[in-house]
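The following blocks contain the structures, represented as structure tokens.
In what follows, subunit A forms one complex with subunit B and a second complex with subunit C.
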Partner chain A sequence: MYSEIEETAKRWLEADKIDSFIGYSQRSDGSVKPVRITDPADVDNLYFGDGCVHNLMSFIKLNGDERIGIFLKGCDGRTMVQLVAEGELDRERFSVLGIVCPGLEEDGKPLPKCAFCRVNTPPDYDELIHPEGVEIKDEAIEDEELSSINELTRAERFKFFRHQFDKCIRCYACRDVCPLCYCRECVTEKSSPQWVEVSIKPSSNAYWNLIRAYHLAGRCVNCGECDRVCPVGIPLRVINRKLANIVENYFEYVPGMNPELTPAMLDFREDDECLDHGREGS
Partner chain B sequence: MRKIGVFVCHCGTNISSMVDIDRVIESATRLPDVACAVDYQFTCSAPGQTQIKDAIKEYNLDGVVVAACSPRMHEPTFRKTLRDAGLNPYMMEMANLREHTSWVALNRGEATAKAIDLVRMKVAKVARLRPLEEIHLPVTRRALVIGGGVAGIQAALDIADGGVDVTLVERSPSLGGHMAQYDKTFPTLDCASCILTPKMVEVASHPNITLLTYSEVEEVTGFVGAYKVKARIRARSVDLEKCNGCGTCLEVCPVRVPSEFDASLADRTAIYRPFPQAVPAAPAIDRESCIYFKTGKCRACEKVCPADAIDFEQENEIVEVQVGAIVVATGFHFFDARKYTEYGYGSYKDVISWLQFERLTNASGPTGGKLRRPSDGMEPKSIVFIHCVGSRDPSKGFPYCSRICCMATAKHAVITRSKIPDAKIYSFYIDIRAAGKGYEEFVRRAIEQEDVQFIKGRPSRIVQSDGKLLVRSEDAFLGRQIEVEADMVILTNGAAAQNDAAELAQMLGIGYDQYGFFNELHPKLRPVETNKAGIYLAGMCQGPKDIPESVAQASASASKVLGLLSRDQIAREPIIAEVDPGRCTGCMDCMEVCFFTAVEEDEFMERKIAKVLPGVCQGCGACVAQCSDGAMELRAFSDEQIHAEITALFAVEVAR
Partner chain C sequence: MTEEYYPRIVGLLCNWCTYAGADLAGTTRIKYPQNIRPIRIPCSGRVSPHFILTSLLSGADGVFIGGCHPADCHYNEGNYYARRRFSVLKSFLDFVGVEPERLTLEWVSASEGDRFAEVVTAFTEDVKALGRPNPYSRKELED
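On to the complex of A and B.
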């Protein structure tokens, strides 16, 4: 469907510009899987269309010296920019084939994350596929998705999230799939001291979910992978978006847009607005 | 099993009146690891400390919890007690039963419960403490003084007299600061420049002082004992070595621009010396107004210079010095009275600022010391002073009192009386603040002997009509509106922090308040230190103060510097962050969040990792919270220790 993907991957592999190319491929039943291609002969398996929901940045190694070609949608492209901004990734190792993403559908409806997508084009790419009729989105849109949460009082909101967290079985799939959850030793796995109990009980569940959300504040790029993999349906992406929204309002920082910009949580300024007045009410 | 001693202090009745000491002792005795728990009236007293020392020997203690006041007060005291008893001083924790407990709790029951919790937490932590050794760092025996006003001058002289080399950096072409602009000083009416200029000359000729004028500090890195300073010497266009200060160049320069020194009441030339007694005497060329730098023609000054000292080719020069300590004495600027539009400053020529008045009465000022109003040169017969312009006024200015203005206005009034004996003099004030030696007496003199009308009231408006200024105000004592006719009005505008104070504070890593004044470390007990070791404050940059206070603070800073630099090595607290090189991945996020620039790149097994500079790290822990690899740990605040405290707090909750 997009012959440019095959053509580019082949050209880069043949020119020895990259060691491997990471993209999507379609199974015979029509489902989609991520693939890593090293042989130029295999490029005709590459595919893009509905079902290509995976954030391919979850499939790369942060360290290492492999030169990787990678196919990125807007949200995935922001992941790469954020990793570079946080000093975790060497951009030189990557050749990015970006796409102006038309948005993905499931059962004829746009995915929620695509319905509220703000940036459909990777902010940083080497080559770009621009499908006809797809507009480049890089502006904020009215945030209807959060309004149901914003309308709640603080106490109601807390109750809502507590209820959601109670469902958690702490499989940690959200953590494992998130390309920005890269701590080598997760706080949940520390044993001396042990901060989180292993047993599934409400206090530890809330602890894990809050820690996860806080650690992604001002970093999450809304790729929605956590949401997709959660087996009990906790609206993780919405929690992340709420925090992203707060960080953006206070610090005018949108993650994953500019690798040169110091991430909000690494940037201490004397004139940062006092956060106190944001706590009450709203 | 550890052997921990718990020492509970009554602090007179400060703690014991709210905390049931017996219950705290009883609860502590039952804790594992606790070998003894005793109380005393004043644990910080000599007998109190002896109690600790004796117990260390008797029970062979290896850790101590002192349940008393804030560690900010007595932590050093008890560290020393442990050291004297042969125990590592860092095997001690303080539970704050006073500031955190007895002084804030609502009732005895709550206070006692909290005291028991705090002691239990600290015992859990002490059981996990490890001995620490102080860090010793070499000291550079040179000091930097930033700012060449009276405070900077005094600090530089005192340090230099103590035998330590000083680099003094002043932004303008001459030493002197605001004091050089003043006419006389209150309450003795000494001529300001007569007492200041000898000190300026002394700075210039002092063998231990390197004077950099027309220069600014551009970068400060490093740490106490070894600060690396980059200063930019701006191109003066006049060779300081060759110039003999004859001033011929000043006579031929055709340019006229408002003189900063004369507060725009007179003009200066493009090649200029701010005032006749300037130090150094060599003038500077203001390149922005010089015709040669604008058009490539003129060079008149060069033609007449007998010493061949004019150098149009001169360039900015960066010098680097290493210093052990820094005194910040960057002064203040006057509040801009134009913000009070109702007073017409800036549009009515005869409404002037305090600084302009100083220049008008100064013998070396634009009128040769004759008090004449700016609009027509007439001798004013009715003169109004208005206090607190910009001070004590949160709506237009600052909420604080600028402290010096009441006395300055009294001084101005007395000077006016001596120059124009038959003048009517009015002074509108909110309150008279004359706390200082001889100050109240001086104000009484102005009121009683010099016939100055002090009127309590803040004028609401000044209007100009028929060459007269009408000052409208309430008279708070009479309780009605009054109107005073004036030939001239002087606005006593308050003191504000320098516009770029925040920038400098950030460069130095010192704290500043919402107005831009630099923060002292403790408002009472450490008034000249800053939060950064080896950086001290002097004068107005820390907050409004008069000349004697500025000078006293400068000398205090100098004594701190001399004390610090009298040692070959500085001992620093070992409570700093540490990198585990095996875990660090070199993302350097810690460097980004470090407010003290205490993190550097380093190499470990051929890969980049972070490194903490022992002298710079203040142990704030920001990097520890940031590190995603668990590679940073704060000594004496390790995860293990903090976790033990939290566990101890909640463990008993459940049992209760």
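On to the complex of A and C.
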């Protein structure tokens, strides 16, 4: 469908511009898997279409000197920009083949992350595929899933989230799949002090879910991978989206758009007006 | 349950300003509610979200963070970072069901013993007015 992917991967591999190319491939049953290709003869396996939901930035090593060619949708492209902005990634190692993403569907319906997608084109790419009839999006769209939770009263929201967090089995799939969760030692593995209890119970589940979300404040690009892998269906993408909105409202910072910009939570302004503590003292 | 609701408040007070301010409030014998349990920390910028979440889970009804006034931080910028982090965490906790009245970040300098008493009193009243324990305490979640 997109012969440009095959052509570009082949051209880059043959010119020894890259050591490997990471893209999607379709299995015989129609499902999609991420692939890493090192031989130019294999490029005809490359594919893009419905089912290409994975964020391919989850499949790279942050360190090392392998030169990687990678195929990125808008959300995945933002992940790369955010990693560069945080100083975790050497952009020089990467050759990016971007696509103006038409949005992905599942069972004939757009995926939630695509329905409320804000940026469908990687902000930083070396070559870009622009399928005919697909418009470049760059405007915030109201997330209806989030709005429906926002409209609840605080007590209802508590009830809702309590139920959601109760379901958690602490498999940490959300953490493992997240391309921006790159701490070598996760807080859940620290025992001195042990902030997150190991046992699975409502309190430690709530703690884990809150701290996971907060760690991604001003960083999450809403690729929706955590949401996809969650085996018990906690609406992680919506929680992350809420934090993204909070950070944007306060600091006018949208993650993954500009690698030169200091991430919001690593930065401050002397005249930040975010705080509503404003109790007038003497 | 005829007892009056007696909230327990964790106070994370910056060593250089608010803790000294609290000390001054004490030495000048200004009265303020005893609900606050002060913990001395090096800087309001030292406040990790873990401190706040752990306090709430462990049953604190409110968390009071005290730091130096903007531009007066002993480490120049710790309170600016604290302000950003705290604001985001507070808004997020509001989203998941924690009343915003339970969290506050105040600027109290070492010479403002009277202001310390004032903000702690007002904060304690706010938390007391909620009249119920914090929903994310371990006890509430697991009962």
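Note that in this section the second predicted complex is superposed on the first by the 272 of 282 C-alpha atoms of A that agree within 3 Å, B and C clash if a C-alpha of one lies under 4 Å from a C-alpha of the other, contacts with A are read in each partner's own complex, and residues count from 1 in each chain.
Criterion: a residue touches a chain if its C-beta (ideal position, glycine included) is under 8 Å from a C-beta of that chain, and two chains touch if they have at least 3 such contacts.
For clarity, every value in this text was computed on a predicted model and none was experimentally measured.
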Looking at A:206, would you say it contacts subunit B, subunit C, both, or neither? Reply first, second, both or neither. second
Please indicate which partner A:191 is in contact with in the superposed arrangement: first for subunit B, second for subunit C, both, or neither. neither
Is A:162 touching the first partner subunit B, the second partner subunit C, both, or neither of them? second
So, does A:28 touch the first partner subunit B, the second partner subunit C, both, or neither? neither
Could you look at A:268 and tell me whether it touches subunit B, subunit C, both or neither (first, second, both, neither)? both
Once the structures are superposed on A, label A:86 by its partner contacts, choosing first (subunit B), second (subunit C), both or neither. first
Across subunit A, the partner (subunit B or subunit C) reaching more residues is C
Pick one for A:242: touches subunit B only (first), subunit C only (second), both, or neither. second
So in the superposed three-chain picture, is A:147 touching just subunit B, just subunit C, both, or none of them (first/second/both/neither)? neither
Common interface residues of subunit A - those touching subunit B in one complex and subunit C in the other: 195, 265, 267-268, 270
Considering the complex alone, what residue numbers of subunit A touch subunit B? 63, 86-88, 182-185, 190, 192-195, 262, 265-268, 270
Show me the residue ranges of subunit B that touch subunit A in the complex, using the header's touch definition. 502, 506, 512, 583, 585-589, 592-593, 595, 622, 626, 628-630, 639-640, 643-644, 647
Subunit A - residues contacting subunit C, complex: 149-150, 154-155, 157-159, 161-162, 187, 195, 201-203, 206-207, 210-211, 213-214, 217-218, 239, 242-243, 246-247, 250-251, 264-265, 267-270, 272, 274-277, 279, 281-282
Would you pull the subunit C residues touching subunit A in the complex into a rising list? 49-50, 53-54, 57, 70-71, 77, 80-81, 83-89, 91-100, 104-106, 108, 112, 114-115, 118-119, 122-123, 135-136, 138, 141-142
